[in-house]
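You will see two complexes here that share chain A, one where it goes with chain B and one where it goes with chain C.
Now for the complex of A and B:
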């Protein structure tokens, strides 16, 4: 600890910290640009010069370590003179175009120029100009002449994003921030560079010139996308969401946002929004009053419950729905006598149902990921499924952790991966069994016979060795593992592996409310049908909550057949989507920005939020719609005045922490190796296809990550089929097929074809896993 | 892209640093690549980046920072004149002007016969010898008054 004095205030701070940190601790502001608490020290802007006793010249506070007894003056004559001098230099080449600058009003340079700049410039010569370059649909570098070369954006890429896409080329007054040649910036965290830029050199393309910072009112909210539950500041003008920025929460998203969380708001303002209730009559859609639509739906449901029986009613919701919506949906379905309700739409293996001790969750606080020294990732497209959790894992690896992966694809995680076992989906359980066996040998533990019979390969042995030497191990199951047809097996094996090394075991929840759905009890209990069963054995009536049947389910083919066969489909949705083909009633409900609600993130944190704006058109919050439906069905217990009342009822008597439990008991292990011999499908849900809002976010849809899905195969697989990369192939599964462009990815295992799910181009296909056939299309060069 | 020989030379440079700090060899690697190719094209920079496990833009930062690296083809004789402040105060700019007039080209230009390229350089750490210039990145020439420049150009014809 060092005791130092800043402007007469005593501060005590650990040795090795810097003067600027000590000042912040003491509540003293030192002007700065290049310094950022999350980034390395560059000390290149010189704005933070302060006077230090006994130092002959002013020193940069961001790069000067504290020493015991140090006396610092941040506002002495010497310091202020230095700061003013630096400001004059910074403004020499700055265009001073604040009136037309997007950053105006929230610009660090503008703010500090008020404090340290002079009212007139002594510089009469020509200012430098930087020719702007194109870097993609999200970030504009049009006004790169504004750059003060602080390199925050560059350091962000190197240190947080994990990929350096912007760099500072040339030198001196010619120094320029740019991407290599004409590359675009493709990182899924790229938007953070806009926030970091202390001037208006990097601006948000979707937001540019649509509002001034001071016109926007700020509303706190929570991201509806991945299971991190990023805290948002939703910025609003004229009852329209104009942009979304991070709300800092060190334990969740720190000061960052993924591009999905940041730019998805464009989907909220999409032209596809459903703004009026609609009923299909004689095959034609008609806009109707709420009362008529709700009565129609209630009557239909009542008829089926009374006629065919309540078990012929099924309810499906996406895990992006709020806790309140999910709770009321299950309450509604159960009150009419059905137990068929589920939100786990992309799951295919339900064999752990009823054997699961509680709600599957991360198994630890989010922030603990950074402190792990061994991480085993099973079946996860981590970077795209959980961009900021990937950043935390990257951070752990940077600090020395060893990451190992077991997966059916080998996408670049932008971190060092110590060991990997990349195998076809049907071999994953066996690989985990191998790891378990090898680990048991290391730890001198006994494992059951089915595990003993696994033959340990070199990759599994290496992973086991790495895990065995760890002190803080985490075994994490990603989306792919949860959607896997042997998800329960993977769970049991993963859990045993974690237990053997005294580590944590957890699920990287798929969506914003993957934990919340469990707490809301929106899944079948005793004799109800789960999501897959409800679609495999078509019901007479479906209630869909935010669901696009062909995009949100594990098997779109089956889902569509079920929808089309049903007598009644009531779709509650914020969008007018494909349900027009099969639904009978469309009820416009509000997306997260227009309703209050609650998401429970993957670490089990209950986060409630208020609506940022009023619902668009006649859309209404989902919880209200479900409440009225309950009333119309003459059910009691649907008298809620607020969403808080719904939440409180849903969570009353629920000890959330106690509910979070990954333990599963009574699932028998079958770890026999692969062996179907046929080509297997591997599917990811592309980052910008995962939910209804992001699918309609125009700018995100123009990114590289949203490019049309291909049929990706190992080069050897392509030659076996006699196709060349770039040619069109016909991918068939069950009754359906899709024409896709074949592409080579030699990091895939052989025997698989990777075809994305959740995308219109592949919605004609069947399950996300399983056998597929790929045939060349003669003369089909794309 | 790069010849086996160049790769070998680069690997020898890489071996001088700890395995996880391959990138320390970037300057040497670029010099070797430039020696072979004459200048550093986008493809060459990408090849060097790939070999060192670096982001291409990080290699480009280095290649564009030092003016010994050429991002475009240059003539047989590249003359780099220092015009930084100390030199500028002691005739550096005059030397450059003289060269421009003699060769009939400006900075970053090459004579039509492909013989000479003129570049503006940064401080070469020889301010006391101003004006200074560098021939083909390796030959340092001091006290370059017109007479000396004439002699140099004669030698290089």
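Now for the complex of A and C:
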């Protein structure tokens, strides 16, 4: 601890911290540009100069460590003179035309120039000009001339994003921020650079010039996309969401936001929004009043419940729906007498149902990921599925943790991965068994016979060795593992591995409300059907909550058949979508920005939010629609006035912390490495295809990550098929097929084809896993 | 003493005579009534009348959509929407002034960094039905186009006092 004095105030702070941190602790503001609490210290802007007793010259507060007895003056004559001088230099090359700049009104340089600069410049000569470069659909560098070379953006890429996509080229006056040889900026965290830039050099392309900072109202909200539950500041004007910025929450998203959370708002303003209730009559869609649509739906459901039986009604919801919606949906379905309700649409293995001790969750607080020293990732496209958790894992690795991965694809995680076992999906359970066996040998523990029979390969042995030496181990199952046809096996094995090394075991939840769905009991209990069963054995009536059956399900082929065969499909959706082909009633419901609700994130944090704006057109919050549907079905217990009442009922008597439990009992292990011989499908859900809102976010759809899916195969596999990369191939699965461009990815294991799911181009295919055939199309060069 | 003066003032109609004297003075003085609309009062170059949007000599509209006028307007009479134009500059897609709300304070003109929105000398404008005095961007530009010469002259005259 060092005791220092800043402007006469005594501050005590640990040794090694800097003067600027001490000043902030004391509530004294020191102007700065390049310093950022989450980034390394560059000390290149010199704005933070302060006077320090006995130092002959002013010192940069951001780079000066505190020493005991130090006396700092931030507003002395010397300090003020230094600040004025620096500001004059900074403004030499900076255009002084704030009115045309998009940052005007929220610009750090503007504010500090007013506070610490002088009123006129003595500089008469020509200013530096930077020719703008194109860096992609999200960030505009049109005004690079405004850059003050603080290098925050560069450091963000290196230290947080994991990839340095912007760098500083040339020297002195010619120094310039640019991407490498006209590359674009493709990081899934790139939007944060816009926030970091203290001037208007990096601006948001979708938002650019559409509003000014001062005319926007700020509303707090929670991200509806990945399972992190990032806190958002939704900025609105005239009942329209103009942009989304992060709301700081150190325990969840820190001060960052993934591009998905940041730019998906464009989808909220999409022209595909459903704004009027519609019913299909004699094959033609008609816009009707709410009353008519709801009565039609209620009557249809009642008829089927009374006629064929309530078990012929099935309800499907996406895990992006709010807790209130999920709770009311299950309550509605159960009150008419059916138990068929599920939100785990992309899951395929339900053998652990009824054997789970509680709701699967991360197994630890999110912030604890940074402190792990061994991380085993099982089946996760971590960067794309959980961009900010990837950043936390990266941080852990940077601090010395060893990461290992067992997966069917080897995408670059932008961190050092110590050990990898990249195998076909049907061999994953076997690899985990190998790891378990090797680990048991290290720890002198006994394991089940089925595990004993596994033959430990070198990759598994290396992973086991790394895990055995760890003190704070985390075994994390990603989306891929949860969607895997042997998900329960992977869960049991993962759990045992974690238990053997005394570590934590958890799931990287698939979506914003994956945990909430469990708490809302929106899944079948004793005799109900799960999502897969409901689609495999078509029901007579379906209620779809936010679901686009052709994109959001594990097996779109099957889902479509089931939908088309049904007598009644009631679709509650914010968008007009392919449901027009199979639905009978379309009820426009509000997306997260227009309704109040609750998401429970992957660490079990219950976060409620209010609507930021009024629902568009005739759309109404989902919970209200379900409530009225309940009334119209003459069911009791649907007299809610607020979403809070629904939430309180859903969570009354529920101890959320006690509900979170990853343990599973009574799943028999079968870990024999299969080997069907045929090509297997490996599918990821691309980051910008994961839910209905992002699929309609125009700018995100123009990014690299949203490029049309290819049929990715190992080079050897391609030559075996006699196909060259870039040629078109026909990928067939089940009854459907898709024409895709073949591409080589030698990081994939042999015997698999990677074809993305959740995309219109591949919606004709079947399940996300399983056997597929690939045939060359003769003469079909794309 | 005062009582006595008051007593005489009362019955000698002193106040009345005083009043009539004033009336008489004005009766014979030179008349200053302006016979509007045949006659007009003189106007200063800072007169704040009807608004106009100006263009540069090239024909390019001056307004850059910075929204400072919208922010400064005390009557909230200005409504602006902007977007990025093809050439990468910010332009207004909507620029409305509700003259019924406007109090002609001239702050918009004062705040404009490019002298785009100005108040002209025009004061004789009217509306015949509701909404006629809701001026949109094309209307404002039309006013500017028509009176540009006068507007420019007035700004030039004012320039040396700034």
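What we mean here is this: the second predicted complex is superposed on the first by the 782 of 782 C-alpha atoms of A that agree within 3 Å, B and C clash if a C-alpha of one lies under 4 Å from a C-alpha of the other, contacts with A are read in each partner's own complex, and residues count from 1 in each chain.
Methods note: a residue touches a chain if its C-beta (ideal position, glycine included) is under 8 Å from a C-beta of that chain, and two chains touch if they have at least 3 such contacts.
Everything numeric in this text was worked out from a predicted model, so none of it was measured.
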Side-by-side fit of chain B and chain C on chain A, or clash: fit
First (chain B), second (chain C), both or neither: which does A:208 touch? second
For the overlay on chain A, what angle lies at chain A between chain B and chain C, C-alpha centres, nearest 10°? 80
Is A:525 in contact with chain B, with chain C, with both, or with neither (first, second, both, neither)? neither
Tell me which partner A:181 touches in the superposition: chain B (first), chain C (second), both or neither. first
Could you look at A:165 and tell me whether it touches chain B, chain C, both or neither (first, second, both, neither)? first
Using the touch definition from the top, say if A:99 reaches chain B (first), chain C (second), both or neither. second
Smallest separation of CA atoms, chain C relative to chain B, angstrom: 26
Complex contacts: residues of chain C adjacent to chain A: 64-68, 70-71, 82-84, 88-90, 113-114
As the complex stands, chain A meets chain C at residues 97, 99-100, 102, 104, 142, 208-212, 214-215
As the complex stands, chain B meets chain A at residues 42, 45, 55-58, 60-61, 64-65, 122
What residues of chain A sit close enough to touch chain B in their complex? 158, 163-172, 178-181, 183
